[in-house]
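Below, chain A partners chain B and then partners chain C, in two separate complexes.
This part shows the complex of A and B:
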């Protein structure tokens, strides 16, 4: 890259600021990310390096007890990432490359974990495979100890492998079959092709899936709380520090220790793996891929995938049945009490609060993500990649850390006291109190913001992926025909990236409805959140109520997805043209 | 569609804002006992007074932490339930307001604060809640002493809550501090050559040597260290520390563990609710701790008047009888309240000489030490 003179930066900004709407967008996006993402993280780091925090680093890093907790966290991340990536790969491989029955069925089942709160899986797993589990004890007669690393691995891998599956499936479908055909023609065996052609081309995808799972699992809070047993990890330490002792300094120190591997992985993924593109996908794949028909390969792979598919079904069936059963395995009477508790009892507030807040956050996150994608892909300005990076931080940073950051920054109103104004200095409240007691809107605003922050990255990536495929010439044509930037974005860009926008919205809603770690410190008496209530029920052993909550939560997400499809998904001409004509 | 979106958004926002605007005639209760009791109490209060009442359930350590964190701007007006230790700790930190309720006069003196910062609403003893099926498989009898819990056969089969979050667990902890202090005293007296009878007399009169109790009658550092040694050993048998005190009882009922260290009334509640053949309640013969469930007005809370109305109401026999309707069978503090048949009779249980003030003063430091020294340790 050649050196760019400062003049050029000024010019870039001048060009953006010529268009007021573009300028406002840029400012809004930047200010939002600074306040809602960067500031909380910086505050947390600041707290951890305060005079009280610094000795804690030495203590935690130097004591063997805490070293064990740190290594537990990392080991759990690595094991879950390995198992989860393998699972995702298996499902994708069978789906794309193997001739097998029931593919559609397995595909749909593999999607289920996305729309359910993760600890639903943990709870059902305890019911099925716990010490007194329906299967472990009921069928095999073993008092199996599911608590600990192996149980966590099972639960976390099943909860998070869907993303890997979808990623790898997409990549495999995009691979040009010509390469494998060429290898076959040159006399390579299927195994050799798998080893030397397929896998190497997927390495970037495998690595980034691995890293994504690593980050997700070390950030997870619900599952280690419910079935960690004596396997202590950092996220549960952070949780106890805050809720049991309200020691935000200790929590901040643990958070920074947790942030180091998370951010490292994120940066490695972004700047190293992001660039090691082994295969270049140019245009459409030519020809249809050869499916594997060798029965010694085909049936074992199919069997394994089907086994896991059935396991997932079993788990979700347990949730569903458990919601209507008094105490699964102990007293199997049918009951509607759990639903009564959730719908008519004190759970109803949580239901409406959560849905409303997620519904408010979803379109905002979608728009923000698309706007951010547009700015990042289409415009050139100083700090563009920093903006992109800040947008992605919402997912790179564990939720608990964001929550603590919010407590540190927004627990008091941010005020500006003007130096003049006579006896009583004029105080302007820039940002009202967002978290804790008597926060504005009962803390709802803080939760909406957190939902947005956590959802923007997915919308942003979807938007970036969609925009890079659309020739800017289409937009340029619109501009030269006299439309301004806003009109072009609205009339041309947005319709073209509508599918990406839709998937961004769906993801945002599902993510918001199911997120726990980020909001666990932000709920207030006025604002109750379903995932938090589920955690309460699970922790108190009232699994029936928890299952009823889960069923209702899954239903709400499904209904919302349908509504989104019906409203946003309706195709206009532009999109169809793009699909048909490209 | 596009044009309607902003309108829709505004409507949704209004929907969120609306309930917050209505601040009058409301009460926000910080509720520590089990969820269904909280529901029954707030509903009954609302029906009685017309005050729109909402609550949040938090374990008592959690409540204390939350009150401390929001002291400048409390979100709750009254705190109802959970061991008095936490209320004493909160009083120490200035988190509670004094209030002498006219209805508190009938409450026995040892079940309320002389300075009016908290009043007892129920009493209950700590016990062991065991799953007899699992114990059978392990080939052991229900535990009848704290030492029984250290049986290697119980490895990974005992659960209790974390003393930082749970008042139940803290009661269990402080019970062992008290037992250790008693033991140290007896050892010192024996070393002084006192006879068995003299020792009993001195213990009853509170004439201590200083080995287990200091001049104020507070357990000494040695006693506390000894209790920590006990919990370090017990840790090897603990499956996990839950957040809420009663949760281990459910784990025992579901057969995930053999023994739960919980309040005996929480075990009775489970027995009544479907685990009668599975769970059994026992008590440690060395002595067990007990709780006085407290109630206090939160200093600077948003609804001070409604809080007092609640306070007065919660001490009436009618309000105290609500617990039994949801199988929360703690003993009521108001002597006019009928005692539920299934309640544990405290006179039949060997209770330790539980010093609530000492417990309350030490609560935060002990919880922190437990969280540092015991909870994160690996087990075999």
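This part shows the complex of A and C:
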């Protein structure tokens, strides 16, 4: 670094500390990320490199059983990423570039997987295509074995392709039609344009979608547990190590093995693909894109997309109908017992607990995300990009790993013992016991923190994207008029990034309600979580209860989204265009 | 110089920059950029001072240092004798008018103007009165409930100005506020800003790269180049007596004719320019035989068709209506001549041999020290 650098950093912090509220925000955010993200990950790594842990690496990496688990994980990640990216691309391409009917319908159906617990799809798939499946056995008469890589691929791809679809759709819409017009003008056919213009422009988007799906699928816990059968992957191995064998050291070693590909992909995505983007998302397209009307292209693409759309509908219909049916396929009587179980019976505690905790975590995650985005985009200080990185870690790191980290760090109170000369040393509890039995608030605090950590990344990215679109002079104007940073953030920044704030909140709530892997080790008898309960019901074959849970969970998320739309509002107020003449 | 208007406020707003420097790290790499280099400047209360220079000369950084959006690497900023170098921008009694206007897009015009007053905790009724007064003053009556994106560019500019003026700051700062307006509106707004500033007698620092704007508005102009002050002076001083070739070239247009000191007599220097011996005062005095550059503005050169003047050939004639611009070849270099008024009625043909002449007072000498590149 240059000779002036130290001086510069001192200046930057002096500038920040001139404003107490800004300084406190920065400190709070930093301390939170250190304690809730960095420390658990470091503890997990520390545990894996302990004297008991170190020999396990050689053992696991050298034994064929474990080698199979590792290669299973990687293969599943690659296959799901390929299939999911293709699905997302297909939906986006048909939506943006092909003249086809029912586009709106297909769009809405493609969004459904976001708001449902991931293994709802897996459960319904078993009911439809499993050994006693309604379709496999009922229609085709085969006792089909859906368990394994093919079944996993189907449910994971269907569960996660929505994000790819939305990403690619946005990019395709942002593609300047003039580029394709120019290619046409130079004599290129539609197929040639597709190969030489459209796809190359989308390569960064396709690559990052692929990597995202890879990470999501190798981190997924619910689906491999339900659908994996004999196909064992690292996340299920970690789960079994903790829940079945009570061996956190082994779990930590597996976690580190799983962490390597996850973090590698995250870093590649962040520092390499982020820079190669050729599509500018800003600016309005200069023309209307030409839609594909060739019937040999149009109808096969439409047919395939519609087939998948109907498959999604079939799966969710199964969930819905299954919730009202005694045992699907065996005893098809209508019943409300499953709902009675969830709403009035054993399941009601999980329902209220989960909703309450998600409702507590949501505004905190949303605000934290916006605040982080504000600090990262608008302020200059040493460690700014480290802060951004730490903020994103919550999603880059598989949930199971975060959960184990929490167990390792917070299973005992963190205390500071001051040797005050006398016989009785003074002990101050810095952080109380957060996880396990007799944890503070029955472990609820730990779960809320995990919800926040897992939700902040999406809010942060949305906030960063929104903030970079806003002229910094607008905030400077506020400061120049005498407002401090806090008032500027409240009155100017936050209202202007309201759409990002809203999507951050919605994501936070949906993510919290549907997350399993991160909290599966943190639930306690006092704090029950719906996703965990669903898993228990599925594992015990009580699909009806599981479906009822899913239906109620989806309803809660939908209601919450409506409430958020109404209270937060989706516009900044700046959108109102010229009306009534000027 | 200050207080030539009917001062409505106490004459506070004495701004002093002392050896101000700002160093930025280079974007990629290890180097550093001295954006502002040892700038010292005293601006008296009520004065209108313009920072003028090409892009990258450090004028905007200087303004942002004054506003407090950047912290100086070294040097001090004093407002009415008090060191404010390290004060946060919201605590400085200054208000900045932005190039992009930076209106709050989610607020009405009224709320935009009221923003600073409400931040300061002013009672409702008083805010109402003040904002209405500001709206009236800026010709914005009836637009209070509009959003910024429902206004024309000129109206947005007025709102931005009203929003700053209503704060009655000790110092008003302008960052190229007119550069987004079309030419006609720009001329109208610059005289309006100047009129308001005179009436309210608020110390003003105005950044622009438009020399005409600077000449039209300023009490004094600070010409900046590469982070340094090249010259400070009234518009007449910087135009008539530029202290460097850079200033002469940046403010208006200039012909540079190289010559040598023939004699030094008292405060006068004798040299030959376009075949004529002239005696011109100069400071500091050079020595005999030192190289000199004569600065001759295009409008101080005359073209005649008699042979009394210095012989020159018309290379290009451009009839511009109010004036005629010629490029002529003389002494092996191209000179620009602008004829206006009655003399512009007569057009000389391209290729014609003519005589060049000038008034002795129009000559201004510069020492030939700096490199020719500008």
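In this text, the second predicted complex is superposed on the first by the 561 of 582 C-alpha atoms of A that agree within 3 Å, B and C clash if a C-alpha of one lies under 4 Å from a C-alpha of the other, contacts with A are read in each partner's own complex, and residues count from 1 in each chain.
As a convention for this text, a contact is a pair of C-beta atoms (placed from the backbone, for glycine too) under 8 Å apart; a residue touches a chain by one contact, two chains touch by 3 or more.
On a predicted model such as this, the values are computed, not experimentally measured, just so you know.
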item	value
Chain B versus chain C as contact partner of A:337, first or second or both or neither	neither
Touching partner for A:52 - first (chain B), second (chain C), both, neither	neither
Partner chain in contact with A:181 - chain B first, chain C second, else both or neither	neither
Chain B or chain C, by number of chain A residues touched	B
Contacts of A:14 with chain B and chain C, given as first, second, both or neither	second
Which of chain B and chain C A:482 touches, first, second, both or neither	second
Touching partner for A:438 - first (chain B), second (chain C), both, neither	first
Chain B versus chain C as contact partner of A:244, first or second or both or neither	first
Touched partner set for A:473, first chain B, second chain C, both or neither	second
Set intersection of chain A contacts, chain C complex versus chain B complex	none
Interface residues, chain C side, partner chain A - complex	23, 25, 30-32, 67, 69, 71, 73, 86, 88-90, 94-96, 98-100, 102-107, 115-116, 119-120, 146-152, 163-164, 167, 173
Of chain A, residues touching chain C in the complex	1-2, 4-5, 7-8, 11, 14-15, 18-19, 471, 473-474, 476-484, 487, 491-492, 495-496, 572-574, 576-579, 582
In the complex, chain A residues that touch chain B	65-66, 68-69, 126, 130-132, 137, 143, 145, 147, 225, 228-230, 232, 237, 240-247, 326-327, 329-331, 345-346, 349, 356-357, 359-360, 363-364, 433, 436-438, 441-442, 444, 490, 524-526, 536, 539-543, 567
Of chain B, residues touching chain A in the complex	1-2, 5, 9, 12-13, 15-17, 19-20, 28, 34-35, 39, 54-57, 61-62, 65-66, 68-70, 73-76, 134, 137, 156, 162, 164-165, 238-240, 242-244, 246-247, 249-251, 253-257, 274-275, 278, 302, 364, 367-368, 371, 375-379
